[in-house]
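There are structures below to look over.
Here come two complexes built around subunit A, the first alongside subunit B, the second alongside subunit C.
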Partner chain A sequence: MAKWGMVIDLEKCVGCQACTVACGMENSRLPGEMWQDVIFFTEGTHPSAQLKWFPRPCQHCENPSCVAVCPTHATYKTEDGVVLVDWNRCIGCKYCMIACPYGVRFYTDEKPLVAPDMRKVLASKDDHSWNPPWKMPDAREDWKHGVGIQPHDVVSKCTFCYHRISKAPPGTPDLDPQDPKLREFTPACVVTCAPGARYFGDLSNPNSEVSRMIGDKRGVRLLDQLGNKPQVYYLTGDGGAVPSSRAINKKV
Partner chain B sequence: MNFIYPKTVNEAISGALKMFGENHVTATIWKASVAVLAASLGFVFYMLFTEGHASFNTSSDGVNWGSAIATYVYFALISSGLTIIASLATVFGFKQFYPVAKRCIWLAIVTLIAGFAVLALELGHPFRMLWAVPSGMQIYSPMFWMGVFYVIDLGLLIVKFYLMWKEDWDSPFSHFIGIAGFIAVVLASGMLGLLFGSMAMRPMWFGSATSVFFILSGVLSGAAAIVFSVYLAYGFDTKNMPEQLRSLALSDQLPKVFATLIGIVLVFLLTRIWVGLWSNQDGMEGFVALLNTPWFHLEVWVCLALPFLMMLSPSMQLAPKWQVTASILVLAGMFIERLQFIVAGQNVPMFKGTWMNSVTPYTPSLTESALVVVGISTALALYALGERLSNLSAAPKESIEAAGQLARG
Partner chain C sequence: MDTIHSGYPPRAELWLCLARALLPPRGEVLAQALREDLVPELEELASKLGLDIDDAVNELSATLSQADTESLLPAYSSLFLVPPIPARLNAGVYLDGTLLGPNTKMLAEIFHRHGVEQSPDMHDTPDHFATILEFMALLFHKADGAEPALLEPILDDMEAVRGLLWRTLPELHRRVTETEQERSLPAVYSALLQIVKTVLRDEQGIFFCATGNVAQETARRYFTKRETAPDLVPCKACGKPVATARELKVIVDRLRQSGLPADHLELCPDCRDGTRGWKAGKTEFNLPGFR
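This part shows the complex of A and B:
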């Protein structure tokens, strides 16, 4: 069984946010509620201040604290290493959001981040939280795996495009979007990444491209000291950086 | 108050309805709290049906758990504290505390129900919880165990109250229920602390001390609740109290216990602040923000340090008005504590670039504030109901002797 993981080369990432848009379209995200966010921040002060950016999908941890805290087992880890939410079981207690160190989980019913509130403009007449004009075919929607437009009052998150990767031929070491045979099984953010900064493959296969890159180019993980062991690795090279410290300075 | 207490369910229902036409302290609390409950619950339901949980000011980007969770924790820990205080008489043999034991158990039931009610209105799918938690069996989740222990606790409290209502104080079964209830409530409140204390990614909560703090601060809020309730029931006048209760209220044991508990909680709070300010560990910045809020100082100095001094002072500790003032201050302080603890633990961003470049602001919305009112009015209404329908000051005969000895010193 594969253990799916992602490698993001921060030296190649240009911060264009095409991944954010592709994910939003693929997974019918509410405007502002980005499963695949690119976060912008600054390092240093004038005149040597730098604008930095950092793409942040769900890290699909090896030791996911969100799975351990979920009182109903709505959040679970699949055999192929993906952390998912079963929307039929989620009670909306938000404990997983508390326990996630990466801030990649979203509660459906909150004040809208972008006006007007699209849940009201494109209101749903059934159990879905809204009814966008762009959405995946109904046959692909899968609430047990947190795929599609979610119902009200549940927590949602990046699924590594589970509706795509779960259909990949068994034993595939890497889901390379350049390969026409594998393209439809590759996560939308990886397919769309213009500079080719994203790689997706089987971390349990030492011969996969992702495993080689992590070994050869010193892949690092976000907040590794917490022990969640993300399955998303970042290659920093000379120019990239994984934010490790919190944003504010401590001043008494 | 000397009521004629109902003996059947029909009498109890008619007694509750009749209270709307009666004129005494308990009836006033009943009428006012039912009216406030109806209004606040109506508003919360209206907002939940029209806006849903979007009417809350909580957000995925920062504070996920807001004042509703703080209110639940507040009431759950008052309930746990009350149960532990009742155990002084029912488990540990301090018979002088029997005059408040039945009242403690009833208040523990009603505060736990108030907490659960607020929690149910905060949850996305409270009814789904009823089947999804038992069928999920996620034994690694502190929330799972907290739920298990609090449900057991509530069940045992109801059985214990029934036994006390039947005046079964000393049978082996009654003892067993008391001991089991004590164990369940320590596990429940301790597990509620571990729910926060297990979170290594939230350094302001992290550590087993959180669990111990929850148990002990729960006992303090329980003590404040029982002192306030005893005086409230008798119109803040010790002359109206039955003999054994008056002996307990006027002995120096109560203020001594009260002062000790406040002292313990102050030590916990101030050592926690010390570690938070001293440590350079990433994520402790929230303690600085905490220190800069007026609420923190109101809690520590006015709501805890001041009652601590009042209950130590020989000239003030025995005066009912200062005991009542201390209990009200402590109850208010503990609410501030629960809210600050929960919010401050979340509002330091996890890492640079969570879109938040400073401590995330959070103020409860109108709906969330109404939910706090729902909790308080539920507890008060059910308390008044218990006061009217059952003699909450009932105690076994031997405790009257113990209380008499206490009064004689």
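This part shows the complex of A and C:
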């Protein structure tokens, strides 16, 4: 069984947010509710302040805080290492949102992040929280795996495009969007990444491209000191640090 | 399994019944009870409680009817006792990777809080599944007539013990099922563990009414009154409520049981910085286009 993971090369990422848009379209996200967020922040002070960005999807941890605290076991980890939410079981208690140290979960019925509130503009007449004009076919919607348009009062999160990767041929080491045979099984953010900064593959396969990149280029994980063991790795070049560990790994 | 009508409430009876079924079927009386009395008692208790465990009980009944009394002890030994032990009945092994780890200590502390300890006759650590299930029976018995003020700590401990069971049962069940198939053993214990899992799932309804039955339409908006709860804990940075004190206690307990830090819980998700998680869409600029 594969253990899917992602590698993001921060030296290649240009902060274009194509991943954010692609994810939003693929997974029918509400405007502002971005599973594939790119965070912009400043480092340093005037006159040498720098604008920086950091792509931050769900880290699909090996030891996830969200799974540990979920009272109804709606949040669970699949055999292939993906952390998902079963919307049929989620009761919207938000324990997972409080416990997740990465802040990558969203509650459907929060105050809208952008105006107008699309849940009212494109109101749904059934159990769905809204009815966007563009959405995946009903046949692909799968609430048990947190795929599709979510119902009201549940928590949602990145699924690594589970509806795509779960159909990948068994034993595939890497889901490379450049390979036409694998493109449809690759997460939307990886397919769309214009500078090719995202890679997706089997972390348990030592011959996969992602495993080799993590080894060769010193892949680091966000907030690694916490012990959640994320399955998203960042390649950082010489700096060797993601923002959460800059103070620890100062470039000499 | 002669446990019914002992003055315990039905749910405590059920846990006690399951606890005894997970003890070694030593001696003719216990093996006979497992073979002949367990299924009717489970059926009776399930109907009293309105539990839907028919499939699992039928499976157990079919397996037990095919197995003879003498085959139960070798099956139990093969699964749980003879080294190399394929499926240990000690929950701590699955959680801590060792015997007498922090989870076992936590369990012993909870036992002491309720004035009990493991009998020396048990010859095992306090994290043995039979001990835990028997303790669950005790907690249900105590909760049955408890005053509201005393009920809360009982429910807290019940939840901690249930969390521990939930995280270990799938792995134990998997190992037992695999070993039974590999060694052609009667599938008694995998069926029993399936019943334990089903009962645990059913009990979600006690703590979280919205999930009493997954098949039923769940009553959403169960937690939307958090903003008005009396024991809200404020964020240390902005003062906005993070969660209620009880919710935070449950979250912290569960994180600690899983060996995960809980320091970031003193801040609300909006105030966590780069080292303690980020707010989704947090702005560092007041410029349009930058979130």
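By definition in this document, the second predicted complex is superposed on the first by the 240 of 252 C-alpha atoms of A that agree within 3 Å, B and C clash if a C-alpha of one lies under 4 Å from a C-alpha of the other, contacts with A are read in each partner's own complex, and residues count from 1 in each chain.
Rule of thumb we're sticking to: a contact is a pair of C-beta atoms (placed from the backbone, for glycine too) under 8 Å apart; a residue touches a chain by one contact, two chains touch by 3 or more.
Being a predicted model, the structure only gives us computed values, none of them experimental.
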item: Clash or fit, subunit B versus subunit C on superposed subunit A; value: clash
item: First, second, both or neither for A:110, with subunit B first and subunit C second; value: first
item: Touching partner for A:25 - first (subunit B), second (subunit C), both, neither; value: neither
item: Touching partner for A:34 - first (subunit B), second (subunit C), both, neither; value: second
item: Partner chain in contact with A:63 - subunit B first, subunit C second, else both or neither; value: second
item: Of subunit C and subunit B, partner touching more subunit A residues; value: B
item: When the two complexes are fitted on chain A, the stretch of subunit B hitting subunit C, from 8-16, 26-34, 44-52 or 188-196; value: 188-196
item: Intersection of the subunit A residues that touch subunit B with those that touch subunit C; value: 39-41, 56, 65, 68-69, 71-73, 89, 91-95, 97-103, 106, 152-154, 223, 226-227, 243-244, 246-247
item: Residues of subunit C that touch subunit A when the two form their complex; value: 159, 166-167, 204, 207-208, 210-211, 214, 218, 220-224, 226, 242-243, 247-248, 250-251, 254-255, 257-262, 264-265, 269, 272, 274-282, 284-285, 290-291
item: Residues of subunit A that touch subunit B when the two form their complex; value: 33, 39-41, 52, 54, 56, 65, 68-74, 89-95, 97-103, 105-112, 117, 152-154, 222-223, 226-227, 243-252
item: Complex contacts: residues of subunit A adjacent to subunit C; value: 32, 34, 37, 39-42, 56, 63, 65, 68-69, 71-73, 88-89, 91-95, 97-104, 106, 113, 151-154, 223, 226-228, 243-244, 246-247
item: Subunit A contact footprint on subunit B (complex, rising order); value: 52-54, 56-61, 64-65, 123-126, 128-129, 132-133, 135-138, 140-144, 147, 195, 198-202, 277, 280, 282-285, 288, 291, 346, 348-359
